[in-house]
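See below for the structure under consideration.
Chain nomenclature is as follows: A, B, C and D, assigned in order of appearance, with residue numbering initiated at 1 for each chain independently.
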Amino acid sequence: MEWTFKLELKRKPKLDNPVLIEGLPGIGNVGKIAADYIIEKLKMKKLYTIHSHHLPHSVFVNENNLIEMPKLEVYYKRNQDPKKRDLLILSGDTQPIDEASCYSFCHKMLQIVSEYNCNEVITLGGIGLKELPEKPQIYISGTSKEIVDKYKTKKTNDKLFGHVGPIIGVTGILLAISKLRKKEAITILGETFAHPMHHGIFAAKEILTFLNKKFKLNINFKHIDEDIKEMEEQLKIVDELEMVNSGERDLEKINYIG
Amino acid sequence: MEWTFKLELKRKPKLDNPVLIEGLPGIGNVGKIAADYIIEKLKMKKLYTIHSHHLPHSVFVNENNLIEMPKLEVYYKRNQDPKKRDLLILSGDTQPIDEASCYSFCHKMLQIVSEYNCNEVITLGGIGLKELPEKPQIYISGTSKEIVDKYKTKKTNDKLFGHVGPIIGVTGILLAISKLRKKEAITILGETFAHPMHHGIFAAKEILTFLNKKFKLNINFKHIDEDIKEMEEQLKIVDELEMVNSGERDLEKINYIG
Amino acid sequence: MEWTFKLELKRKPKLDNPVLIEGLPGIGNVGKIAADYIIEKLKMKKLYTIHSHHLPHSVFVNENNLIEMPKLEVYYKRNQDPKKRDLLILSGDTQPIDEASCYSFCHKMLQIVSEYNCNEVITLGGIGLKELPEKPQIYISGTSKEIVDKYKTKKTNDKLFGHVGPIIGVTGILLAISKLRKKEAITILGETFAHPMHHGIFAAKEILTFLNKKFKLNINFKHIDEDIKEMEEQLKIVDELEMVNSGERDLEKINYIG
Amino acid sequence: MEWTFKLELKRKPKLDNPVLIEGLPGIGNVGKIAADYIIEKLKMKKLYTIHSHHLPHSVFVNENNLIEMPKLEVYYKRNQDPKKRDLLILSGDTQPIDEASCYSFCHKMLQIVSEYNCNEVITLGGIGLKELPEKPQIYISGTSKEIVDKYKTKKTNDKLFGHVGPIIGVTGILLAISKLRKKEAITILGETFAHPMHHGIFAAKEILTFLNKKFKLNINFKHIDEDIKEMEEQLKIVDELEMVNSGERDLEKINYIG
């Protein structure tokens, strides 16, 4: 079972030239925080649940005290307003476990969105700095000069060369496979603090502001600071658990008991 | 050779709506200790021996000084008494070696128990705390509110959210695949000390008490403290060996000698 | 290309109930040192060279300054003398790289020796102690009480239980797969010092003495101490190289240069 | 998708007995620096771009601020002058990710160059010393005495035995597979400082001098010192980025966020 895309609707919706935005876990979880915020605020509908043998072999307990298995999800929003684009968002709480499965997932993902006539892809992520940036900048790069020019603004710095190392995982490879499949793609990366326990909420806010304007999302940022505070507290709980259970993570290394 | 289930009987026994209990190695070996204790006390019969290329590539020497290869085993017990459930127990001294093989094993395992009309699964494990708990609590979670309500008691705490990180390996993924295959499943986790050399015998005792009552196992706990003491001494021997031979475990890292 | 056994002769020799002895790298290289010594002293002939994609992805430079690729080899010796057994020895400078390839190699290896009517297997290895043993003991274990009784002597201790942890790699799994394939197998393990830079030459000498007697190899041990000294010096050169080049071993971890 | 060789020309050029030179990342990047220098100075044409699921799952941002995916490349140069050999160079910014993919790539690579009647292979690499060598020597080894004799000069030391450990990755395995496929192959290794942040530019210069003479490349070394200085500064930028983003490299180890 390489990648199973389970359709969550009775029939596939018709979308008009949608853009795919990716926000999976990564440095500071910048991309995931931004993507999840949009899904919630726009009340986007779930289109696919994605399972695979190439996701982590672990489950977690959700707020309802029930078991959740590792999965990726695709949400969508159709917009009647001709000024607004239809949206697809790839979200999730994990990434494919290794190189080959990251590549195979990105191929499958782009094959699926092709069915919805999606030809533009935006991946979101963080740039890890040695110190917490006072005013995190956002950077843009992409698969062609044309797509970068289309999306860049005064606030997006396009001098990423010399400022970022390799972009790892789906955030990077989705760009690469887009190019191979003749789709246009950009990545928007926000500066954050390169510490495993730091959550890149301020970087995510900068990215949200950019997307809000570009796609006329009409997200009301009035409550974003409260929302961010709430998010931070939830994430702290998770961090503490991760630390306590760090022994359990190495199960596979102590998996033979005579 | 993905997963070979070798039937240890001439013909498959007929079981009446059995429950499958899993107890493989994990944090504090809580689940394994509990499962093995039931198998011994109820004199359960071996149904399957399971081999695979996706188990550790090592053997150990047993009490009779003979070689044992890594394996998983399924035991069963049929109960004529209509008040008691038929039982299947998955036991073993190891876990599948990686993500993909953990998923493929859980799929195969649930396919096999479907032949015996088994529709309920219970996995057992430990919750690693920073300190040795004075009175280890047991927690319950599951694939649906209904199955959790069916099994929870006054003594099982069902507020696992915020108290446990990811549940790794077969103990976690068997729950996930149960849900995908429309079976009900719960996990019972006992608090223990998160140290690689600590054996979660007290947590196992709490889980055993729970299972003894729920399934009317009629296990006489009079001798359990002696049994536990004996178990602890056996486990100490294994620990010491593990330490002495820790160099050998890294064989694969020094496997080229010119 | 899973496992390629390249026959090194024009036609397969006929062997009479040969025993297969395995001596691959492992703790202290005890097994490899013993096996290579027999091959050299008995002037055994090469039967197979074994290549695979599942051996290390590195080559080394031999004494003639030419490139050697990682390989395993099978040597044989036919004995006209009815008092002596025909011999097969599996030797090499490496082991299969992971769990699945270790299992698949052992299956293939035993399938190949079946063509020569080989039904007994002896694997050789080391037991790592915390200190250098003054008089290294040798231990025996096996797949059945019968085969252990057949081979044990006054000098082989058969109380391995509680003295050794898991036996890893081909030395262990060849025993396990022998049992699955209804062949008899034993392992002879010599005590040595569990330090990555220590060579178990004394343990190897004890194993050689045992095999010399059991199989009437007629190896003259008069020069063994000189031979051992020479071996030790050669091995020291290799150790030093390993240390200098340890950076290069992590190539795959730094394999992306922008 | 094991290995995809994308032809970058409308039709395959006819080459006359070309030699294949490999220069991929490795210790001190000695081989890569030398190969890239030749490609640039001789203005060689790109023949193939090679993609695979078995390359790192990351992209980087190039000087034009656009996304580049991991790839290997083959360049060629045809020479009308009968005194000069036709050339093929394998270059790239990465290596196959594991053992099996390294072997499969080398097989595919040699199958491809066979179509161009290429029967000689030269791999380039570094020998890591504990200290920075004052005058780095270059060493030669190969698949046969004949090919080593053909290429060795007064300046190439052919006493590699005892001076180098295993040669890892494509630089090593391409030699091994050449031998299996009845092609002749040598490796030229230059001494460098075994530190992960050191770039083996001086070693590369020695190798370039050797190749320049052997193949009458007519590379003008007048500006090589300036070129080297420029190269060093570019590489320093990359190093600093690698350090800042080292957290991001471990993404796969923190890839489950509940």
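Criterion: contacts are C-beta pairs under 8 Å (C-beta built on N, C-alpha and C of every residue); 3 or more make two chains touch, one makes a residue touch a chain.
Small disclaimer: the values here were computed from a predicted structure and weren't measured.
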Practice task
Call it same or different for chain C and chain D: same when shared residue numbers make up over half of all numbers used at their interface.
Solution key: different
Handout entry: Angular offset of chain A relative to chain D [C-alpha, multiple of 5 degrees]
Key = 90
Problem - Distance from the mean Cα position of chain C to that of chain B, given in whole angstrom - result: 36
Practice task
Let me have the rounded angstrom distance from the C-alpha centre of chain A over to the C-alpha centre of chain C, please.
Solution key: 50
Problem - Where chain A touches two or more other chains, by residue - result: 56, 58, 60, 70, 97, 165-166, 238, 241, 256, 258
Fill in the blank from the handout: Per the touch rule above, chain D residues touching chain C in the complex are 25-27, 29, 32, 56, 58, 60, 70, 93-100, 102-104, 107, 126-130, 141-145, 148, 158-169, 172-173, 175-176, 179-180, 185, 187, 194-196, 238, 241
Completion exercise
chain D contacts chain A in the complex at 1, 51, 53-67, 69-70, 97, 237-238, 241-242, 244-249, 251-252, 254-258
